[in-house]
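Below you'll find a set of structures to go through.
Note that subunit A is present in both complexes that follow, paired respectively with subunit B and with subunit C.
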Partner chain A sequence: MTKKGWKKVGFYCLLGIVLVYVLFPFFWMVINSIKDHKDIMNIERILFFKPTLKNYLGAFKNYDMVVPIKNSLIIGFISTGLSLALGLPCAYAIARYKMDKLSAAILFVRVIPAITFLIPWFIVVSKLGITDTFFVVSLSHMILSLPFTVWIMTPFFESIPIELEEAAMIDGCAPFGRFFKVSLPITRSGIITVTIMSFIYSWNNFMYAMVLSGKNTKTVPIAIFNFVGYSFVDWGAMMAAAVAITSPILILSLLTQKYIIKGLTSGAVKG
Partner chain B sequence: MRKVHLLIAICMVFVMLVSCGQGTPPAQNGKDDTTPNNSVDADKPYAGTTIRFLASNHSWADTVEPLLPEFEEKTGIKVNIEKFELNQTAEKATIELSSKNDTLDVVYIRPMSEGRMFIENGWLEPVDQYWEGDAEFDADDLMEAAKDAFTVDDVIYGAPVTTERQILYYRKDLLEEKNIPVSTTLDELYEAAVKLNNPEAGIAGIVSRGAASVTCFASYLFSFGGQYQDGTTSTLDTPEAAEAIKYYGKILKDAGPDGILNMTHAEVSALFAQGQAAMITEVDALYQSIADPASTELSDKIGYARFPAGPAGSKPINSCSFGLGISAFSKNKDAAWEFIKWSVGKEINAKIHAAGAPTARESAWADEEINTGLPAEMVEAVKDSFEGSVGVDRPLTLNYPMVRDVIIPLLGQSMMNGGENMEELIQNANKEIQAVYDSYDK
Partner chain C sequence: MITYLKEKNTKFYFSLPTILFLFIMVIFPILFTLYSSVTNSTLSAASGFVGFSNYRQLFQEARFWDSMGNTIYFTITASIFETFLGLLFAILLNRAFRGKTLVKTMFLLPFAATPVAIAMTWQLIYDPNMGIVNAFIALFGMEPKLWLASTETALNCLIFIEIWQGTAIVALIISAGLSLVPDSLYEAAGIDGASSWKCFFHITLPSINNTVFMAFILRFIEVIKAFDIIYATTKGGPMHASETLNIYGYLKAFQYFQFGSASALITMFTIVVTIIGTILLKIKKLTTEG
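Moving on to the complex of A and B:
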């Protein structure tokens, strides 16, 4: 075989290993979601078993996963929406008016482990009597998503040539008009990236949701633990629920991955 | 321009306030509903009160949840139950109680795990003051060992709801095949385990926890005449305790499965349910994973017996797994007690017991009619286990994790050595544990 041929074989072997590593958990999740509990426990029936949809029915009927999914969606939308509403103008201002100290302060917030804020947060909101509300849980998710938005978006706004805005200014465009009509459309790919990343972050957040949410705002990562009982773990139903809740995120990421990669890589080094 | 800014700022504040208002559930915050309704009759002095109950995913809580409308009907008290995974409940309760949150009223507690810390920190209201002299509640009927788990300085801080005992589960068919009687002593257990061990067929003679083994080993320790501690003195170096440590390692090395060192209750029960072990010493509360027809096809081949006797007799653990406590910061303590009185009271307890939760009332275990949640043979083995059982299943210390992290590797080492050459290791471990007691408990 030629040198090029070997290279190709090597490449595909490596790709295969990476794929197995990445996809195996998904494969495991999916096949266990269609197995009976006894089959999951039986080592002889890893691949050969009688498939059943019982777990999917059980996950949604016995454990009521619909409400947590709804809660997670609401919280995800509120926190992402607020992060964008506050983060985009902030990033724009930092980029345009060179507010380096502010941006360093925001980075600092992002560096502090999120758990540090947890107890103070809980004390404040419990004294106000507003734990277990959508607003508070959403706000707590913004501790990470807001600095993230600002940090990803600042280089995007910096990369827009000032001449474009000057041209708009000559045509009579006010600062807000320049921001909404000129800068935002140009940085679309960045905005899509931060939106998706913020949403995924909120969707997966466990710690804040656990402490601040309650009966009314229980989110998906907390509800998943409902399958873990004292004497019994309902693996089948848990896997079925895991399939159901990872699918939307998976599909969303696949559809928008073009933007995510562009967004994460292009902002910083655009010449 | 300024006007625009101001307008946007006002809009934002407005949006925040609105979403905040919308999210606030009307009944969540007990404060709104605390004032008892004066217009109701004397039978329902707390009508209109809402209490918040932080519970776990556990058979007792699962059974009580659908019964709550009965309580609400009877007393007019609304119960907001929140259920989480066991460790999450403990963490959430710790955070809420440490920040003196007054919206939490009743909390589901594992007395052996976090209970002691809650009590020592003054986070729980004594409950014995409520049940004293209440003949209908009949606190004497609650197992003594279970109440002990919540007792500090003769004050009881929690109402025990469920208990568990270590028993011997065995495969009747495999024992019959080799004509081996059910072991009644630990010597017999060793012999039987070695005879039944058949690695070629993939069947271990016996299985018991190799990891997270402190509570499981306790029955062995007590039956050998050993103790984890005498007050704040570690007693793992006594000859009795040393024998137990060696025995546990030897039996699991000679007749246990491969990889035993990493097996917690989840792995050992799955192994037995899959038919890969002939015997298992586990708690009765794990019936669902070990022997329930939903988990195993071998259900009808499984037998149950009291934990075998050692030199000091058969002394299985009989511990309180869960209880209910009233938060010391609750604003609705009396209403919270009403809930405990109702749910731990005989009538509701009988319903919960019948559904399969191993409750803490002696009268429930004695009543044939309500022991329907578990196989009759198992109920016999459980009842047989009461006499001479021990209420504590682990060292009592304020820093249990540190002590646990010494005992588990010690037992693991014994499993690797097959119980040989353990003397020095035991001495060292005992010193390490003593150091923990010295710095945290004295």
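Moving on to the complex of A and C:
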């Protein structure tokens, strides 16, 4: 083989190692979700076993995963929707009127630990008797998604040429009209990015849900975590549940990967 | 004049909801936490002012300093490895090959996957009796270990999970930085007959070092606040061996319900994170401008 050929082989070997490293836990999750409990416990059958789907039936029958999925969807939609409703105009104002102090405050919220807010929230919400409500849990998830929305969207609005708005102004378009008709459509790709990522943040949130949600608003991470609470840990059903709650979010990110990569990398690159 | 007034109003109306949110959900809680850190508030008892005794007690606690040490070790080790491995992965991804987009998409999965679900999978991987790690090392005649269940290895096992998750994110960030390096630079070097190693050290690395540093900062600020995977697997155990400040603060507050003492710890933690975050961002600013 030529030197170039060897280089190619070396490259694909390295790439293979990297992919195994990145994907192994997902492979393992799926493999164990289709293993019988006896096979999971038996180290001899770690890779050779008879696949079964009964864990999936079990996860939904014995451990009720439907309600948490529904709850997570509701909370995800409310917190994402509110973050957009509040964050988009705010990002626009920061970009147009150079509100640097507000922008710094937003960055600060992204830096400080999430737990800082939790004790006061818990005390106040308990006093008001509104723990375990969709509104409170959604509001808590916004502590991540709202600053994120403002932070990602500000540069998008900054990049809109002011002439475009001036033209609209001359045509008699009021500020609100300019925002909705001129600015928002241009920043569509940014809006898609923050929408998807806000939803992912909410879907995955664990700490806030643990403290603020309860019987009625139990979200999917809590449902998974509760498997450990039983004296007998049904690993097969747990892995099936894990697959069931991660796959929607993984499929969503595969379909919208362009936007998520943008969300993850903007700010780091250039800035 | 009328338009001017209108513009003022826009600024006000557009930012007011978010500012209100920040007051209710951020500023008020921060002040409340500060206040409650100088009281002996618990779940049941009404709070009384105790001055700085919560802080004094905290500083005398070995467990507090252990969790501080764990946090520092966890954060520095994980974020350095993530940045280094992420850089290597990004360089590997930088050449053209078939299925490149697909591979990049795969790199998103560790970021997007629900941390609790991932934590449970790793618990199964590390399990002393039925986990694949022990099965794997047995092939080389090594003794099985307790991994997450041992005070000696728990923290490092968690660091490994954290690195696994963060590396992919860093790789994507650096990869985006690499794609911005203009091809003309390489073409010029190619004409001059520079080797690929030379190209790497003289063109690639200098063009992306800002991005690499920014990726490191972002990861550092994220990792120091790590919670989900640690709590879902070890809860800081065994014997507090993998307890970070974040975990200890959570346990103090919502397991022991010592709100006063927990607030003192969380205040310290927030100060540490804010100072380090500010310093890192300042360094970044200086190096970029200089």
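We adopt the following convention: the second predicted complex is superposed on the first by the 247 of 271 C-alpha atoms of A that agree within 3 Å, B and C clash if a C-alpha of one lies under 4 Å from a C-alpha of the other, contacts with A are read in each partner's own complex, and residues count from 1 in each chain.
Operating definition for what follows: a contact is a pair of C-beta atoms (placed from the backbone, for glycine too) under 8 Å apart; a residue touches a chain by one contact, two chains touch by 3 or more.
All figures in this text were calculated on a predicted structure; none of them were measured in a lab.
Chemist: Under the superposition described at the top, does placing subunit B and subunit C together on subunit A give a clash or a fit?
Modeler: With subunit A aligned, subunit B runs into subunit C, so clash.
Chemist: Please work out whether A:37 is in contact with subunit B alone, subunit C alone, both, or neither, and reply first, second, both or neither.
Modeler: Only subunit B; A:37 stays clear of subunit C.
Chemist: Is A:176 in contact with subunit B, with subunit C, with both, or with neither (first, second, both, neither)?
Modeler: both
Chemist: Report the partner of subunit A that touches more of its residues: subunit B or subunit C.
Modeler: Partner touching more subunit A residues in the overlay: C.
Chemist: Is A:112 contacted by the first partner subunit B, the second partner subunit C, both or neither?
Modeler: second
Chemist: Give one of first, second, both or neither to describe whether A:239 is in contact with subunit B, with subunit C, with both, or with none.
Modeler: A:239 contacts subunit C only, not subunit B.
Chemist: Pick one for A:203: touches subunit B only (first), subunit C only (second), both, or neither.
Modeler: second
Chemist: In the superposed arrangement, which partner chain does A:132 touch: subunit B (first), subunit C (second), both, or neither?
Modeler: A:132 contacts subunit B only, not subunit C.
Chemist: If you stack the two complexes on chain A, which partner ends up touching A:211: first (subunit B), second (subunit C), both, or neither?
Modeler: both
Chemist: Touch test for A:226: subunit B only (first), subunit C only (second), both, or neither?
Modeler: first
Chemist: Tell me which partner A:158 touches in the superposition: subunit B (first), subunit C (second), both or neither.
Modeler: In the superposed model, A:158 contacts neither subunit B nor subunit C.
Chemist: Mind sorting out which residues of subunit A both subunit B and subunit C touch, each in its own complex?
Modeler: 41-43, 85, 118-119, 122-123, 174-176, 210-211, 225, 228
Chemist: Which bits of subunit A are touching subunit C when the two form their complex?
Modeler: 11-12, 14-15, 18-19, 21-23, 25-26, 28-29, 32, 40-43, 46, 85-87, 89-90, 92-94, 96-97, 99, 102, 105-106, 108-109, 111-124, 139-140, 142-143, 146, 150, 169, 174-176, 179, 200, 203-204, 206-207, 210-211, 220-221, 224-225, 227-228, 235, 238-239, 241-243, 245-246, 249-250, 252-254, 257, 260-261, 264-265, 267-271
Chemist: Where on subunit C does subunit A make contact in their complex?
Modeler: Listed in rising order, the residues are 3, 6-7, 9-11, 13-15, 17-19, 21-22, 25-26, 28-30, 32-33, 36, 89, 92, 95, 97, 101, 103-118, 120-122, 124-125, 129-130, 132, 134-135, 164, 167-169, 172-173, 176-177, 180, 211, 214-215, 218, 221, 224-225, 227-228, 231-232, 246, 249-250, 253-254, 259, 262-263, 266, 269-270, 273-274, 277.
Chemist: Of all residues in subunit A, which touch subunit B in the complex?
Modeler: Against subunit B, the touching part of subunit A is residues 37-38, 41-43, 78, 85, 118-119, 122-123, 126, 129-136, 138, 174-176, 210-211, 214-218, 222, 225-226, 228-233.
Chemist: In the complex of these two chains, what residues of subunit B are touching subunit A?
Modeler: Residue positions touching the partner: 1, 4, 12, 16, 19-20, 22-25, 28-29, 31, 56-59, 62, 80-86, 88, 91-92, 95-96, 98-99, 101, 103, 266, 270, 273-274, 285-289, 292, 294-297, 321.
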